[in-house]
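I have a structure here, written as structure tokens, and I will follow up with some questions on it.
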Amino acid sequence: MKSYRREIFVNVPSRRGFINLTHQVEECLRESGIKEGLCLVNPMHITASVFINDNESGLHHDYEVFLEKLAPNEPTSQYWHNNTGEDNADAHIKRQLMGREAIVAITKGALDFGTWEQIFYAEFDGRRRKRVLVKIIGE
Amino acid sequence: MKSYRREIFVNVPSRRGFINLTHQVEECLRESGIKEGLCLVNPMHITASVFINDNESGLHHDYEVFLEKLAPNEPTSQYWHNNTGEDNADAHIKRQLMGREAIVAITKGALDFGTWEQIFYAEFDGRRRKRVLVKIIGE
Amino acid sequence: MKSYRREIFVNVPSRRGFINLTHQVEECLRESGIKEGLCLVNPMHITASVFINDNESGLHHDYEVFLEKLAPNEPTSQYWHNNTGEDNADAHIKRQLMGREAIVAITKGALDFGTWEQIFYAEFDGRRRKRVLVKIIGE
């Protein structure tokens, strides 16, 4: 069994935003030399998500509107977590709704994806550098 | 390390619906000959979910009502994604709430499940054939 | 390839609550002797979640409030699932929103976590003993 690990760095200049990670994960996969296995991609932070969906900016806007309506950032005083001096309780909730990690099958040296599947990083508390872990195991 | 891959085909005749995949995944597992490992099951589409929960039709009705209330299909014009000519933005949101994939431990050649765990496909934009990927790695 | 399996027992005395599983999963990892691989942690029940987020009680309170607002336990008659004699349909919904399982990369014999990542069990239908599965594969 082979294993591979790399950190990808991201930096969303606003509080919230989406970054397409697909090409960088494919680059990791090539570098790993693994042909058959599983690939885990997860933020190393707890106010961000890695998820698989469409590369369509209108949809990302819809996600943003949906999540902000369900778990609005303001008023920040509505959340007990923010009594710790944070203002990001909403980001911890949004991250749970969108999920933490993506697991992708590796087949014949490629991400085993349907036509429209792409990997995204969703930032809910940005304006600083964050890390995304790519771990691949297989042969 | 051994690896196994198969696609399961599903076709939900209505826009939304649930399909129990448990037996088909068990069949994949037998075919793979893998005794210890991990099994990934995911739709190869971005308006559907694979999830693990109860085989109880009343609960599936409750999920349907809950999801349609949170992210209603209509009016379709409320979503930017639908400006692309689609009418399925709600399906992309519902899929995020229910999750994309299930990961199941394989132990002694069986799905390592609690008493009530079963694997379901949730369709949010059906009326056409779709594919579910089963990837198993282990020994 | 090595594989390891253990069940962790939990018992939340109230209907809902959170338990930090991080140390117990680390103990499993040491016991497994696995240095590189993937670790799956999932409840063997369908009204509970395993998730990765912050070890901060205010945040856990916020999750509780958020989930109970979205999918309230009462009136129990609002859910078809409860016609089976259960009163826990809300718990099945909450579990879907928080997710079923966590997958953690194993690197150099440790959980490959960012600074604040910890593993929690979220109970939505407690007052009885439940099982959490830890499955680790790797080398």
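Every chain is named by a letter (A, B and C) in the order it is written, and numbering of its residues begins at 1.
In this section, a residue touches a chain if its C-beta (ideal position, glycine included) is under 8 Å from a C-beta of that chain, and two chains touch if they have at least 3 such contacts.
Keep in mind that what you see is a predicted model, and the values were worked out from it rather than measured.
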Inter-copy rotation, chain B to chain C, in degrees (Cα atoms; steps of 5): 120
Same residues or different residues where chain A meets chain C? The copies count as same if more than half of the interface numbers are shared. different
Need the CA-centroid distance for the pair chain A / chain C, whole Å please. 20
Out of chain B, which residues touch more than one other chain, so two or more? 1, 38, 70, 97, 99, 103, 137
Could you list, by residue number, the parts of chain A that touch chain B in their complex? 1, 36-38, 51-54, 56-59, 61-63, 66, 70, 97-99, 102-103, 105, 107, 112-117, 137-139
Which chain C residues qualify as touching chain B in the complex? 1, 3, 5, 38, 40, 42-46, 70-71, 79-84, 89, 92-93, 95-97, 99-101, 103, 131, 133, 135, 137
